[in-house]
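Common to both upcoming complexes is chain A, partnered first by chain B, then by chain C.
Take a look at the complex of A and B:
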């Protein structure tokens, strides 16, 4: 097949260590990149803005979370709160007159600082108790945002995102907003791929596997846990701001509730913990499959093959979503990323499927 | 002053009713080390089961009795079909699996039965009990008493033959196997018992606020109760639920007007956070010693 491993002999470390050592992978990445750049031409504005755009942004969020949960092993059930902090800081900074580029940076920093406070709990406890602690922080942040009028603009208020420019391009058009999101998700992807093959990434993995053992081999556990929380919260904060400016174009507390946190964790798990391609697949799966299946049921209903009430139809996405999570955990705990990996490895050695790789 | 006492008494009773939700949590965690985030949804499901049985034409008490059997079976099934396959998986997988079950149940119940709240009538008169100048809701009073009875019953249960087996299982799975205890069955039974406690909570909370998906939000105060009391301690449920209930009633009673409402969730969150930062295993919980 097109994946061929034969004839590829790296003679330098640099060549063996590059991000995509196999030409077929490079081709694949190139084609996908070209498709992503051409998407505004290929897809109608409706599909671009209501499917592709949220998919990209939520992929960035899932990538930020997988850095924390998958690579560093710190469980986090309050990531939507971190994104909310980023979104609100971003909008307030732009309103205060800062250019959008700096506001994004500021949003990331504010989210990173508060997110690191979340991380303080991780220094004390781990596993289950960390889940509970981050869950409690999610509720606290939600409450502060809703009840402090300076942040939310009053109870039940919606803050409109002010019109702004990114690198001198006004964000008024959907295409411009799409490209901002694309740039951001590409940046996060490259960052994650590189973290995974650097010393920092290996230290984080050591902390994930067993923090005491990591300390024994000379890894500063406290520092790396905080680094993981800081980096991932920074990315999450900027993603939140991008989400507010490019997708919702407004921000309300309801966009970042506990359910969104659960959704993000679901994306990471369905995709596969720590897998970069998995974050893309997981985000697509969790966002799109309930929509597609619900549309299917609605279609069957309209054709008269099913007789479901509107109430039932409105709850079907929730059921599908729950079944998806349960099904994936039972059948493929390593997620879509692992399935992709299996297919890729099969093709690499095709037709000699018993050679091990 | 009477306002304070009223908050105190009602808070303690509400707390005891949180204890009903927390009890199921502890039963499961004590035997299998699994945190069941679907406990809130199980209470909702129990409420729906009772409501449906009443709609079929049974009296409330018969419905509750039959509901006990059904929810016990549901607990057994959930353990057999879902949780048993997850043995040995990382904690995040198990937590997420129970959350998936929670989301699914939250879709199924209101989806098939209608989203409007369903009333369960326990036949308790609406007039409050008046002691001095303190008004106490009768259902809360009964709920509090039922909670206390159930907690006491679980304490006694853990002294019976079966309860001793469950305690052995909670201590160590492998050594339980080696002395001939069926660990799988013990864990299954603990899920069934959690289903039983869900019926009690579902009947009482369902009659207080109606059965709809908001019942599953009992999960959050229940988590605070078990974190505070200790995840594997029945006595902890009693103490934790009283503290969470009283603080969650008295503090919002004075602060809600100043802060613009919703301080109960803040109190609950802070209880969780402070406990985890100071004494993660709770007041009565057993501290896990970890080895590399």
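Take a look at the complex of A and C:
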């Protein structure tokens, strides 16, 4: 009923293989896209720049990481460092006189190169050992940024993002920055959706599930692991630059610490490994739920329903947040993306109970 | 959305309405926002600092506010995360705040461009960028108190006054390996040339729970004086390891971040003699603190436990809000209502020799100088409290300003 399937016949392969073969899905995507495009009109600048903008950028980061962790199965606990490389490279390249568009590419390339070097560890180690290797990357990059003044921007260790333009539009207004972020996250989303249904994607999944088996069926494991690290670090690097130019406007090493890496991993896990919609939901959960909870607790306190010290009031949101994470993962270990999927599958055959899809 | 402290303002408003001056409550409130870090990195001081700020604002509102305007202080938590700070800032901007204080270096740094663009005053007492003291490059940022550079200069000056001066002596700068820990090094290097002492730097890894190897290096260096530059739990570890390595407490000179709790961690008697930079008077004996105790704490309107009143970070919190309120007073007197961020900034720049009834050294701001003079004093731990070793003064401000101007020039060049 909600996802009407009867009467939908694909008469060409192209139609059957399109991204969203069911019209109901296409409608939803269309509505969401329209909402995203009209957001500057629909939402006040406050909500646009404090919630939507960071959500989109961190979604792009979570998507980049889920390509590596979810699809290719390579754990990465230093992704904030990859973004830091992108952010710093982007700013330095624009300062050196490169146009912003090229600087984004450059930021991605630098991050991809350094990320792949550390990713090379993945050729030898797996699982928790790979986590250690990527952790090393996090701390090394942090250390280099802090200790090399040419990178960090001198004694103050702050780099201001220079004003610049994207496709001839100056990035001076919040709306312009929002659209750049939107364009980027749409690009990453489409890229990931397409990777997942391409030969490369299937090869990465094979490597994830069992690399020996993948080698046996003729997949060049070394190459695909490096491809995964390169692509994911490239996307992460560009996302870092977008984050620096469109959101923070000034970068300091503290914006890319280990905590941020953990947050990114949490986004991917809470959203669901390898799930594209999960990255959106996970980023929203990890990024926005603490803010919303904080404001909710403050509101309750204003109404006089809560009476506690400021210290306790600040920690209550953290407790609820923790309980929520545990709750969601108990309810559905495969993440928020899977919860969405379950609901969709239920509605697909509603009022019947089972689907063969 | 309303905030915690609005309630305080309402209580005060009711008090004023029931009292003798009902007309006062009708003037538009002045909004300050302090989205600070209660839960992540700055926890060692945020509770006390914020309590001091809130108690001072309550006192002010009890006394009728600034020129009849009550002050609404909205307090929230950012967890030291820039994105949460940006959300809180945008919220404060929407709600019409004219002053913000984040008490977090990463958040404040991400906010510098925004406050200059939106014309909202940001105070960055003992955090943020030191070069923001240059008011022409950073019109809306006010470090308000002595920057880290001024603190380092003042400590070096103090050591120079000790037996025979610093000439030919060895000074060890032991610091947390972060931008904060490195910040004073250029000033110390310049001073080592001018005063003729030998400077060696010893970093330890963040967060500083473990500094054993660093301190054995320091011991081998046999310094005459030691500067410790860390914050939070690492400070007590530094002092303990220093003493364990045969360094006398009197040789240890600390950045501002050293409080009663750290002395408890080291042992109140063991730490006797340790020196630190102090930007305010300690204890609850100053006239302003007595007023707070009488008007706010004793009637039970305090924002937290009574024991904390007068503690190191509490007094710093009081001082920041006292300066902000003084700026609002000057701005309203000079430029009239309504109070905007721009008027408040000019109000700050009109402050001359304000010392919050003796709570802090007199501060004077100008369009160039947003640091307020860089004064402070050295205090030493006597086992019970911090005893002043010097009067309020500033040291080597020429060298400090060289550094400030260098940073500000770079900012101006790069920012646009």
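Quick note on the criterion: the second predicted complex is superposed on the first by the 336 of 357 C-alpha atoms of A that agree within 3 Å, B and C clash if a C-alpha of one lies under 4 Å from a C-alpha of the other, contacts with A are read in each partner's own complex, and residues count from 1 in each chain.
The working rule: a contact is a pair of C-beta atoms (placed from the backbone, for glycine too) under 8 Å apart; a residue touches a chain by one contact, two chains touch by 3 or more.
On a predicted model such as this, the values are computed, not experimentally measured, just so you know.
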{"item": "Touching partner for A:131 - first (chain B), second (chain C), both, neither", "value": "first"}
{"item": "First, second, both or neither for A:29, with chain B first and chain C second", "value": "neither"}
{"item": "Which superposed partner A:51 touches (first chain B, second chain C, both, neither)", "value": "second"}
{"item": "Which of chain B and chain C A:311 touches, first, second, both or neither", "value": "both"}
{"item": "Touching partner for A:167 - first (chain B), second (chain C), both, neither", "value": "neither"}
{"item": "Touching partner for A:159 - first (chain B), second (chain C), both, neither", "value": "second"}
{"item": "First, second, both or neither for A:146, with chain B first and chain C second", "value": "both"}
{"item": "Contact residues of chain A, present in both the chain B and the chain C interface", "value": "143, 146-147, 155, 311, 314-315, 317-318"}
{"item": "Sites on chain A touched by chain C in the complex", "value": "44-46, 49-51, 54, 58, 95, 143, 146-147, 152-160, 162-163, 247-250, 252-255, 287, 290-291, 294-295, 298-299, 301-302, 304, 309-311, 313-315, 317-318"}
{"item": "Sites on chain B touched by chain A in the complex", "value": "35, 82, 85-86, 89, 91-93, 95-97, 99-108, 110-112, 114-115, 220, 223, 227, 231, 259-263, 265-266, 268-270, 272-273, 276-277, 280, 290, 292"}
{"item": "Residues of chain A defined as touching chain B within the complex", "value": "69, 75, 121, 124-125, 127-129, 131-133, 135-137, 139-140, 143, 146-147, 155, 210, 212-213, 216, 262, 265-266, 269, 273, 311-312, 314-326, 329-330, 333"}
{"item": "Touching residues (chain side chain C, partner chain A) in the complex", "value": "1-4, 6-7, 38-39, 47, 50-51, 75-77, 79-80, 82-84, 86-87, 90-91, 93-94, 105-106, 109-110, 112-114, 129-131, 177-179, 182-183, 185-186, 303-304, 403, 407, 410-411, 414-416"}
